[in-house]
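Presented sequentially are two complexes of subunit A, the first with subunit B as partner and the second with subunit C.
Entry: the complex of A and B
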């Protein structure tokens, strides 16, 4: 490393500080807002000093908003529940479909398997509305438009390519000799897959699953187009909530905080694997 | 192969049959998903060749290339194309410069740098639509902290996303907030994986650091830069969440990028033919881009494995 002058160290410090300020301030500010009443939010000039209140969170969690005029129902916790159900369902389905396929693509490369793998990858980059618009019409015909399953199936568009390509890389890293040795011992192909390959690729599979969960949770457009009102996840629900609640800014902030907390926590937990996941296995962190 | 020859004949045959058939069986579900997605894709292609409005179902018929031909003389289409390209170009250029800068700042593996890079992942892990809502609250003309800051430095009447003059700037800012960490984290991983010998040699010879940057760091980092940039470009030209949550394509038609315009065409003016044709054109653009991307991505992937 080259020697750095004090001036350069100082400038680097200032630059990092500005970077942290720009990227962290919005989250910090929204968290502050979520603990304020409308009166303190609307103060001018804005201030960091206020008496924290949990009313916003209480209103969201109990689903009742008491105002001077009337009591209003908030479906936000239902949106949270939908998000959990849709994301978990989508990841489980993607794992069931994707892990065996990833294994077979890693071990038995054929033109056929490569074609499927690359077709799935290309879906990741195709405009989602292209597929979603005709699907709205199909879903009505097939009776899927009001089901969780229909949405979970469409979520495979994001989850499956991710699982397939990341997990495939992990399977390719496992030495084939280990598997041969086990099979000579008289074990079937499936047993080898289940008892040797999957446990060895375990951490990679778990990481891919976590990432798929994050992407499913953060997805907006699929549910906006396809989900009926009672099946909407938080991303769609929060937007609708802004329109419905009008000027309840503290509650909007609290809803945003509740909605982003799961993915932020998971991201910190899985940060070791994020680079690999975000680049679909092309860059290792 | 020698291993297999040692096995009894029966088992060898079983393994061989298994090896031939099993891969197909295991990839069957993935294939079904592929087909399930290709069906609506083909449907969309057919819609794009039809005169198809939900308000006039009786007038639905094939008009072949008319939807596409109409685009040539349709100022709304050219606006969509222009806004999409400007949006993608601006966001990706700015994010690349910022991301590279931050990656260089955090290059050394210190505890503090690692901590900062994890913190910076948070915007990226925030749902873009929720990020847009956060910025909407911060730029609210009544109480938004950013509106307050802007007016306190003497800029009056800065209306962020609600003015046609600054709407693009506002959504680009949100995009930068969400996606710069994506480029940063990829380039940081790239920088840290570069071999150290060329840099040590350059340091020993007293080569100036700007020279090292342009002639060693940048060329060696190029595969990572290309992959990250193309990846972002592919996503950015299809941006929907941020723009829809912030302005729904407005004010007026200021921000009617491809997917927003197609969405509004489909659900508001229920012109399904035009909406599908718009999506096919966007698909053609992303198809070309994704082929270039996948080539670079595969090279990088082979290097990583």
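Entry: the complex of A and C
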């Protein structure tokens, strides 16, 4: 058994601390900024010592933003609600469509399976603007423009290929013998899929769902082009604090803290599945 | 309303009583200044209804696409008066400036009928107009059936009004007789000096009056005030770094971006000896006294640094200095303003301008109704309301600039602002040549400036190379 020397343990600790500091300091600084006024944020030189204020959070939650010029209405909480609705809706729809499709691609290979799967993946290759302008015209004709349903549909360009390709890999890693054994017991393929394949690929599905959620949450351009101001997500809404009369740094920081919270909580909650899911199939026995 | 107050407001609207006299006498009747302002605005709206059929489109709704800006806030604050005057409904989408023009371009290029009118910059109409996305507004402005006599189109500042009109010919003079009025000026920005009075006093500096003095003053400010750089100007690799202070100074030397030949062909004009000399001074000023991270500076950084006391002065949009003199900025109340003519031989400043304007979508199904909104929003009554009650500066109407209350308000809190405007306004206009490659060529100019400041290329060589590249691109586009 290998033993680690105290020096090595110490050096490893220092290295880990440095890495944590490097990656976490911007987030830590943003959290500090969210409790400061613009004046203290812009002090020269910057300082860790300040009198904390909740005004930034209050402005976001009450919807009133005090700028250099006037009191403005802001819709950040509505933007948050839109992000939750669009991301959750898009991921759920992608899971409903993508998981059976992934199972089909893994287990029932046909002549065109690979071509179809690759076509779906290719949706991720196209620059969004290339797709969006023609889509705007179609959406107007179909009455889908400026609707949540239309947006959730377009979000499938992000979520569906991701879920399909990740989950397909997990299904392929599950031994087919387990499924055959269950089917010999007189169960249908759908029962096999529901009761054997899906539970076994559960961590992978959770990991794919979480990744799709993060991609959907961070999306910016789809709602901007296809919807009105009242359906914009946080990624667009947060820009409202950059105004001609000045940048509201404190409110931007508070908005960042609030907008990363759902994803962060979800990631922490699903961490176990995420690690298990992402490492599944990494080592084949 | 009581009869006495009504009579006073009527006297004001009929020109028998000054605005100041009205507010003074209303105060005597116990009416506060804010309430008096709202009262006048409401009565003015009622008076407007007397000479024009404002109810013609009653029951019709229009939808606007707007940028998040104090001008928008002023309009929204007064919108109920428009609805009451016309019986129309107005819906609007407000988007942050960072993404605003992406939204406009997407809406227009897809032929969307969703928005009837929208905010735009005059430069953008050089793309939108020839593409057939926006409407020539001359048809509406000149029609007495559609435009109220009180609209008084000639009240608009001439340089600003002309800057919004172009005949669509590359190199065509703005505001020419055959020009199409692609947009209506709403509010505008001149580029002049805004400086920190306290810093200038402590360091014993005087306000510079030409480019040589500006270079020296900026260097002295940096040397004598700890932790402060001398001058804030924009430097990011964008067309927006060229159009404010830089082009205003450049134009003051009589220099142009492009030459227009007798055959209508365009060619680069930025590598003359005078231009090279001016560029050298500008580059030296940034190297000696500009922001350490100048090449990343946009509107936001230039303004924030002035407001936070990190820079001693800026040569940028006057309203940027205006905004930084208020709110929770550290230096609020310490800023002052001055007109600036870079060329010592020039009679007056010749600032390039940015104009927030209103344009009509060619795809609108309710153009007449949209025009009703546009003429109200750019009319003298709303202009005066915005200027005196909100932050609708700079107004584009001469009548608003002549208003005593407005001038007094500005003078009191923004020292030098009124004088700066009065001195600069006659020479204020868009100094660029209107042509479809405007954004590409100007961005390349900004990139060249960055290289010069970083000492990657000498000024002479950099400008010659830029001119060569501009000429090549103009030829490729069949413009040169």
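By definition in this document, the second predicted complex is superposed on the first by the 225 of 285 C-alpha atoms of A that agree within 3 Å, B and C clash if a C-alpha of one lies under 4 Å from a C-alpha of the other, contacts with A are read in each partner's own complex, and residues count from 1 in each chain.
Assume contacts are C-beta pairs under 8 Å (C-beta built on N, C-alpha and C of every residue); 3 or more make two chains touch, one makes a residue touch a chain.
Just so we're clear, the structure is a prediction, and the values are computed from it rather than from any experiment.
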Could you look at A:264 and tell me whether it touches subunit B, subunit C, both or neither (first, second, both, neither)? first
First, second, both or neither for A:37, with subunit B first and subunit C second: second
Name the contact category of A:273: first (subunit B only), second (subunit C only), both, or neither. neither
For A:242, decide between first (touching subunit B), second (touching subunit C), both and neither. both
Which partner does A:222 contact after superposing on A: first (subunit B), second (subunit C), both, neither? neither
Pick one for A:171: touches subunit B only (first), subunit C only (second), both, or neither. neither
Subunit B versus subunit C as contact partner of A:140, first or second or both or neither: second
Looking at A:155 after the superposition, I want to know if it touches subunit B, subunit C, both of them or none. Which is it: first, second, both, neither? neither
Both subunit B and subunit C contact which residues of subunit A? 42-44, 132-133, 137, 224-225, 239, 242
Within their complex, subunit A touches subunit B through residues 1-2, 12, 15-16, 19-20, 22-24, 26-27, 29-30, 33, 41-46, 96-98, 100-101, 103-105, 107-108, 110, 112-113, 116, 118-123, 125-135, 137-138, 153, 156-157, 160, 164, 169, 172-173, 180, 183-184, 186, 188-189, 214, 217-221, 224-225, 234-235, 238-239, 242, 249, 252-253, 256, 259-260, 263-264, 266-268, 271, 274-275, 278-285
Interface with subunit C, subunit A side, in the complex: residues 37-39, 42-44, 66-70, 72, 132-133, 136-137, 140, 145-146, 224-225, 228-230, 232, 236, 239-240, 242-247
Quick one: in the complex, what on subunit B touches subunit A? 3, 6-7, 11, 15, 18-19, 22-24, 26-27, 29-31, 33-34, 36-41, 43-44, 47, 101-102, 105-106, 108, 116, 118-131, 133-138, 140, 142-143, 145, 148, 152, 177, 180-182, 185-186, 189-190, 193, 203, 209, 224, 227-228, 231, 234, 238, 240-241, 244-245, 258-259, 262-263, 266, 272, 275-276, 279-280, 282-283, 286-287, 289-290, 293-294, 297-298, 300-301, 304-305
Sites on subunit C touched by subunit A in the complex: 68-70, 73, 93-99, 102-103, 106, 109-114, 227, 299-300, 303-304, 307-310, 319-320, 323-324, 326-330, 332, 390-391
